[in-house]
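Working notes, beginning with the structure itself.
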């Protein structure tokens, strides 16, 4: 199996991240029949969902980019797993729209569960992606110190449990689940140990 | 006729592939009037269509990219055929939405046939694209061994018959036709002989 | 006024061209209430409009790219005119959708006129864009022969009259106007003298 | 905290700018029930909003790009603030659609206020973005003269007051507020002192 450099995987991934983030805006819509100022104020769940998903995608992009910089080559399996990761990122505008439309209405639990489930799946695939690349330094570039790999291990480790907690919380309080997702994006992820080595 | 390098064709093609894959998410929609959890479970044809098309586009992008790496220059005819190929890739979100909306409902045969027809046309144009470039090594870079060209020939050869089989199958079972498309994307394409040389 | 290289203008323009072409697919939609196979066959104006606009954008991208390769630097005026050109390219999905929805129905003349008017404005701005760059070799790279500039002059000259003819024809036969636009994209533009120097 | 070069931030930002500008076209829609020629003429608020937002995004992209060229490295805080800036740019298609749909109808004040508020927030974040990077030359590349930084200071300074004036004006005349935004994009921004050093 031939191995290639990472530049093409990066370019394709960058495109998907940027487009998925920008498509989030299409979730917004106002229904006629009400006064517009009233409508715009009552859209706050949509604003919350938009900001949460946009910041989350931005930070996952940052992490993806940082991690790819440690990778020296890709093989076909890596490209395939990367495609699965992008598949979940590109899917995010749909559950984001569900949260924006249904939070504080009938169906909010299903919407928050769909949103959390997407994030859990994304975190799991991101873990698989990283473990495939880093196991026995399979695809790691020469010269990258082990400490840099351990830093990524530590930074990625909380992803699945955290989004799992969001999923569980959604059963009890959909709003709290979305708020926790926002807090993760605003406070945890930017401070993650990823770059601190 | 002036010949050029391939970098611009690659950049434009990469953009179209990434955008088409990301636009697939716009196929999802829920109608009001039902409970959301019920709606989300009954969207499974849309999930199946989304995953199938996303993975298919991802793999065609991988193949396109690999093949372009063998090409040393492009002429105007090649750019034109490449545009036709991109035209079919960029069209894919529409039949994908049809499959997602109509599978297991009235009209599923027409939806599956439209989906399969798009894939057949895409495979035919991809063949023309490759044959134009490789015939007598017209646009092939110097130093590429003939064995690499034969490997692409072998990898591309099953495309039209396979998607032709999907098309025929759609007359009898639209669901089986979509499932076969998924299986091709999940099992055949990743294992194709393309990179094995 | 500081002058810069062309690489950023190219990257931004490439993005707009690729996204505008890919968004064309969003024009497609089927209304419920009819049988899907019947609907898909009666969408032929939408297919015609899609292919025409996609190929047109692809060729304008090719021409833009070729011409930029003759340009050695950009100034703020050039960037501004380039933004106006991109504004019309990015607008094309809307009149394309109008043609797809209205051709052979009430309103087809207005739809075809809107489509033709967009193309006329695009061709006019493309002329201004080129004349600003090439007048007295203002932004032309050193070493580009005058014959290359004359070739672009000749290739761009028929744009405005041709799309002007489409506009006039739309008053008499909207279908013929769209067919002529398709013919220009399929036959004239690819054979334009642009690359033949 | 590790610092990185700016190329990835630029590539991601370029993608968001280009996609947000191109998504603006999705604001256009015609309702059935009226004659199409009548509809298209009465869409002028949508045309005005489209041109205003497209040109505004184009110029912000130019300014962003110019300013990034003065920056030699980014840190995590800078990436985070940049993401917030992109979040507001990517949001612009929504208030643009509101202006297009509501100007000269009930609700026009709310639409114009939403549009102006988005631009004010964008201008504020752009100021924060620049001040974080330039304070004590924190992220400025070596060799950039202070006069270049002062030129950016002067060019960015009027942003918040100008869009603040648009916001205030929207209370009295929504149409005048949109027209002022257009005038800023067409006359002020292109002549800004940014590049004149």
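By letter and in written order, the chains are A, B, C and D; residue numbering begins at 1 in each of them.
In this text, contacts are C-beta pairs under 8 Å (C-beta built on N, C-alpha and C of every residue); 3 or more make two chains touch, one makes a residue touch a chain.
Given the structure is predicted, the values throughout are model-derived calculations rather than measurements.
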Item checked: From subunit D, the most remote chain by mean C-alpha position -> B
Notebook entry, point to check: Interface overlap for subunit A and subunit B, more than half of numbers shared or less than half: same or different?
Noted result: different
Notebook entry, point to check: Between subunit A and subunit C, what is the gap in Å from one C-alpha centre to the other?
Noted result: 36
Item checked: subunit B-subunit C separation of Cα centroids, rounded to whole Å -> 26
Next item on the list: Quick one: which residues in subunit B touch 2 or more of the other chains?
Entry: 15, 19, 23, 26
Note to self: Please list each pair of chains that are touching.
What the structure shows: A-B, A-D, B-C, C-D
Notebook entry, point to check: Taking the complex as given, what residues does subunit C use to touch subunit D?
Noted result: 1-2, 8, 11-12, 15-16, 19-20, 23, 26, 76, 79-80, 83-84, 86-87, 90-94, 98, 102, 106-107, 109-111, 114
Margin query: Considering only the defined contacts, which subunit D positions touch subunit C in the complex?
Written below: 14-15, 17-19, 21-26, 28, 30, 35-37, 40, 50-51, 54-55, 58-59, 61-62, 65, 190, 195-197
